[in-house]
Amino acid sequence: MSNSPRIRIGMVGGGVGAGIATAHRAAMHLDDRYLLVAGAFSRDAERNRQSAEQLHVASERVYSDYAEMARAEAAREDGIEVVTIVTPNASHYAISKAFLEQGIHVICDKPMTDDLAQALELQQLAASTGQIFALTHNYSAYAMVRKAAEMVSSGALGELRIVQGEHASGWAAGDVEEQPDNKQAAWRIDPEQAGENSMVLDLGTHIHHLMRYVTGREVESLSATLNTVVPGRRVFDDGEISLRLSGNLRGGIWISMAATGQEHGLRLRIFGSKASLEWRHEEPNRLVIQHLDGRKEIIVQGQQGLDGEAARLTRIGLGHPEGFLEGFANLYGDIADAIEDFRHTHRVQREGQRFPSTDDGVAGLRFVSAVRKSHDQQSAWTEVQ
Amino acid sequence: MSNSPRIRIGMVGGGVGAGIATAHRAAMHLDDRYLLVAGAFSRDAERNRQSAEQLHVASERVYSDYAEMARAEAAREDGIEVVTIVTPNASHYAISKAFLEQGIHVICDKPMTDDLAQALELQQLAASTGQIFALTHNYSAYAMVRKAAEMVSSGALGELRIVQGEHASGWAAGDVEEQPDNKQAAWRIDPEQAGENSMVLDLGTHIHHLMRYVTGREVESLSATLNTVVPGRRVFDDGEISLRLSGNLRGGIWISMAATGQEHGLRLRIFGSKASLEWRHEEPNRLVIQHLDGRKEIIVQGQQGLDGEAARLTRIGLGHPEGFLEGFANLYGDIADAIEDFRHTHRVQREGQRFPSTDDGVAGLRFVSAVRKSHDQQSAWTEVQ
Amino acid sequence: MSNSPRIRIGMVGGGVGAGIATAHRAAMHLDDRYLLVAGAFSRDAERNRQSAEQLHVASERVYSDYAEMARAEAAREDGIEVVTIVTPNASHYAISKAFLEQGIHVICDKPMTDDLAQALELQQLAASTGQIFALTHNYSAYAMVRKAAEMVSSGALGELRIVQGEHASGWAAGDVEEQPDNKQAAWRIDPEQAGENSMVLDLGTHIHHLMRYVTGREVESLSATLNTVVPGRRVFDDGEISLRLSGNLRGGIWISMAATGQEHGLRLRIFGSKASLEWRHEEPNRLVIQHLDGRKEIIVQGQQGLDGEAARLTRIGLGHPEGFLEGFANLYGDIADAIEDFRHTHRVQREGQRFPSTDDGVAGLRFVSAVRKSHDQQSAWTEVQ
Amino acid sequence: MSNSPRIRIGMVGGGVGAGIATAHRAAMHLDDRYLLVAGAFSRDAERNRQSAEQLHVASERVYSDYAEMARAEAAREDGIEVVTIVTPNASHYAISKAFLEQGIHVICDKPMTDDLAQALELQQLAASTGQIFALTHNYSAYAMVRKAAEMVSSGALGELRIVQGEHASGWAAGDVEEQPDNKQAAWRIDPEQAGENSMVLDLGTHIHHLMRYVTGREVESLSATLNTVVPGRRVFDDGEISLRLSGNLRGGIWISMAATGQEHGLRLRIFGSKASLEWRHEEPNRLVIQHLDGRKEIIVQGQQGLDGEAARLTRIGLGHPEGFLEGFANLYGDIADAIEDFRHTHRVQREGQRFPSTDDGVAGLRFVSAVRKSHDQQSAWTEVQ
């Protein structure tokens, strides 16, 4: 808990009915450290107005255009300190640029962009403006994912040998193309809108970030095969990637949006010389450890004796399960700490920064680019660069 | 989502470091329907002041005394519409009375009181004042608990035959008496402060309410044995209760705070003529159904095709797990609906009320009273009345 | 492995289609230490003959009557050394008597008898004849149940505080009375044939033995309620029992044959001052340990580093699961060791005997008797004597 | 059950202390359809003699040499009808040949050979001699694996889209090279004895067969990477393989013997247009089905209403778990049926044959060969031929 005044935040995108914006707003509110005071929620004027009303945003701070919003808010005494961008991927670059250049911090939904060149520009821009840029790869903010990373870095698993990641969801295993009111589906599986690689951008960058975060290693090269397993689909909906990570770590990733019946399907397994570790999004409060001698251990969030991030990020404990929104709120909490620090220091403290940054965004886009290149060359081993 | 202005809420108790108040506040904030604007957080003036500051409550609306708070807030144009009471059980009656009589709705932490006679008075009082009284038996607000109740009432399990409940926590399996900084423990296991029956009040009323809620039946009679299994302890820390519920349903409850290594340990199993159902707090997003022919089914929150309360109460879905705070926030959301309705109608709509009321509080205290009576009579079968 | 010749064994009961006899025969054969050479499989002559043929038993050693079988086999140079009795409970006493008096060891399916007085006589008789009497409470021969008992006796759980047992099966949750070809059901739920207490004899004695075996404690007193939850049924099909065990251990047992959808439903949980332990028949190769600090551990049969009985009783290891028949065969193996020892010493070595004996059979009948007495006295606490 | 006399069987290899031979013998004995009457258990004369004694094999039928055994047993009136070969892979071809040419059926431990050319010769030889050749890929004989295959072929999963297999064991994650008494390890990780590909032969052929069996598809091409993750090891201990199966099915296999802490690690997941299916060796009695709408179902061996192979291969049912040896015994049972049929017809009935044959052995070796070839060509996509 902190004595600082709440952080004034705005939002671009996220009008009524938008999916991920709900998670962003719950994450802001849960610990009561943000006030949502401005927005450009929709290009549809009526939807924009209605959204603002429901979100308790004053009408004079509802904008039809993000650029206008950036200018107007920068000019206000009580203007927003930070903006959350929850628009389609292709617009992330331009919107981020508009706010950063006005001296407003940016929280950007992932992936950072849909294009590596733009990601590199944005990386430069954020550095030069000296503002905070946070990318919401939220899974690395789960208490038990933090615990996993601490176990790896402390050597509890010994030398790392194998890492296996999955982000194999069932959300598009059915004929989502045929569901006219499924706007998300329409967007994500339309190659003209989201690109043929949309799954790699959407799901691939999540498991890629999670794997990098927990292992502390970078993907150096890969061999990838992308598939379209649902007949008639016009984007890739499944893929397998073999990896080489730094420090001679061998890895594998399975991404899919056609894994029939699966829930979100995010899962990470790391095998070391002493023990292995597994985290699954379906049971985010648990880590399963398997020791070399076959003994299994389950570490539960909130259990006595946990310290470090797992302790810091547990709200209730004693077996009261936390979920997706709490994990997302952990990320918003870490960003809030940085913004409050910036209020005093007027500079970004990169050392020990606890949330994903433009570097992570660029790494994600390099990964997407290498996956596509390898696929196009019959799964040839390809450097990530 | 609603277009109504946020509900103005106050809090009695819940100063810095208090346990359950954190859950209440997160539950208020998660869906952004409440504004915490007043409080009497602690009888310690400094702690009261600090809490208010951290909670963004203006200093002129921080009160040293709940009675003064009730009067002062009732007199303000922008006074609180509802108060949340998170003080020790013995004070619930007096504080609730003070606010109800000033025309302020009450959200009261469970149990309603620590005494049946007071519970009955409070029941009368709430009825006569015409205000909303909500009791925070939060577990019945989990989406999948609602689903369980719907399955029972729709006949999906057939005729009910057996119900088994557990609230067997491990929180006091160790020597919590010896932990000088464990204030909660100190309070709960001190017979002078919390009473010898504290466990039945604390845990027993939760599983009792959950069982009544899901089965739709009342406990009619019981045979109980209370135990003290940790040597030297001065309160009961374990108990077993055989039950007869209305409609000829046979039941059993195990309550414990000494079940070594258990998490929160809340679990409900219902066996009917067609199928059985299990809900466990450790995996609150799942219902396990076992059919008469041995086939098992797992229903997951957020899966396609769920309707009714399970659909209404799911924020993100698609396998994004919700936790304890989301369940608690569901309860605050249902109360918010009732308060917004009251704004227009100026009366409490009891039909279809979706949160526990004074009737539930009274039922809980009758249960506690019968358990103690049976225990004192060598587990003799005892009417609940 | 042993160099001794195979043990010559006979069987009374167990004709074609009989249920539990299949398990006894698989248990004999799995480790190839027994030869089934004689039998009185059925009182139906044709069924007796057919069974013998299928079981590779020579026609001259197929008997129409168990008494004749006992005499004739005792008279043969190559006569059976031991007989397995798999007939209805009411006949166990007379058949056991016939073989013991002819100097033939007895393996008797549980319960030992359906009557306490007969159990006491059989206890005397076995002692006076000096033959081996083994009672097939097979669950205590699972490797991980042995491990559980070793953990308790070594103090790994600390002081025992609470023990909870369940044998809650779903086999008779449906209208088994109406299934004309379900002979087992017909027998077990006919009060004239199996007695009103059949469930306590069948299931109750199993969980009672398992609890005594693992805890090393005796049930001293109990409060029981028996129920008939399936409408129209003429025997008890459900019951709850509160227990006091020696050494001030508090316990509970739930027995049911009407727990809709459950599999065999055998489960034991023991809570001590340091840790708790759970074993479930559905996953017999695993023990779940929960430590006081909330850390969970899963011990898997066959994992490296296990010693004692868990190591001795693991056939393959390395994660190759063993099942019900392997557990049953462990029991037959322990009995084989005792028979081979008897070949040399001509006496029963009771010290360290690894299988249930007449003492266990008597304890089981005392339990059944006390359960019924308590039930008949409105769940009054009743001494087990 | 059958009325036929027991089948006379011999064994080559499998002396005292040998691992997998224990499983073969338990599988023979469990259902009492085989008599082990001859053997060449070890090239060490003393060990050979001792093994025979412990296995109750008459001394005149213990042979120092398999070729002599084949000739002598073929000459006896009561000679063996079938031999089980449990020697190192490199000797399978020669030994099989010796017995087949003497008109003795062969049960051969997998893989069929360690060389594709020999596998092809053996395929010819078995066909020309007209004897039964059974390869013990035992996992496809688990009741629930049979059920899985039936579900796939009946269309319960819809059109197959993705299949993911794992055989990722932890047995060699530690420094097994340094354990002087671990003979199995010594053999399997010595490239001179077992070959650099030993893991692909050992584990890879198992998951390859399981995948082919359940899907009913053939692997047509693959891209493989083999790794050595334990420093200093001289064979591959980990590998990832992307697959194309017939009928446009995309698949993946992970094989490892260095997956720290894992048990046997065999797991199969199949995703179809209607539902997915998962089978794990750690819980072999369960199939987990995930429907397109997210509903999960668990099918348990022995539950009421199962038919087909799942019913036929369940010995006890009602939730009594079966394990590895029961699955292996199912395979021996299917072979016994074929041998009994051969007694009457003197010909091998290939149609509907329920156990793996030389065709499966050849397919396995083609797979091993393609994996190595792809690995040697930087994971290039390679035809399996």
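Read from first to last, the chains carry the letters A, B, C and D; within each, the first residue is number 1.
The working rule: a contact is a pair of C-beta atoms (placed from the backbone, for glycine too) under 8 Å apart; a residue touches a chain by one contact, two chains touch by 3 or more.
These numbers come from a predicted model, not from an experiment.
Participant: To get from chain B to chain C along touching chains, fewest steps?
Facilitator: So the least number of steps between the two chains is 1.
Participant: Which chain maximises the distance between its CA centroid and that of chain B?
Facilitator: Of all chains, D has its centre farthest from that of chain B.
Participant: Would you mind pulling out the distance in Å between where the CA atoms of chain A average out and where those of chain D do?
Facilitator: Their C-alpha centroids are separated by 44 Å.
Participant: Could you work out how far the Cα centre of chain C sits from that of chain D, in whole Å?
Facilitator: The computed centroid separation for chain C versus chain D comes out at 34 Å.
Participant: Where the centres are mean C-alpha positions, what is the separation of chain B from chain D, in Å?
Facilitator: Chain B and chain D have C-alpha centres separated by 56 Å.
Participant: At which residue positions does chain C touch at least two other chains?
Facilitator: Answer for chain C, listing residues that touch two or more other chains: 262-263, 292, 294-296, 300, 302-303, 319.
Participant: Within their complex, state which residues of chain C touch chain A.
Facilitator: 292-300, 302-305, 319
Participant: Using the touch rule from the top, collect the residues of chain A that touch chain B in their complex.
Facilitator: Touching chain B: residues 1-3, 5-6, 16, 19, 22-23, 25-26, 29-32, 36, 53-56, 169, 171, 262-265, 281-285, 300, 302-303, 315-316, 318-326 of chain A.
Participant: Under the stated contact criterion, what part of chain B meets chain C in this complex?
Facilitator: 157, 159, 161-162, 164, 170, 173-174, 223, 225, 227, 229-231, 238, 240, 242, 250, 252, 254, 256, 258-263, 271-276, 289-296, 378-381
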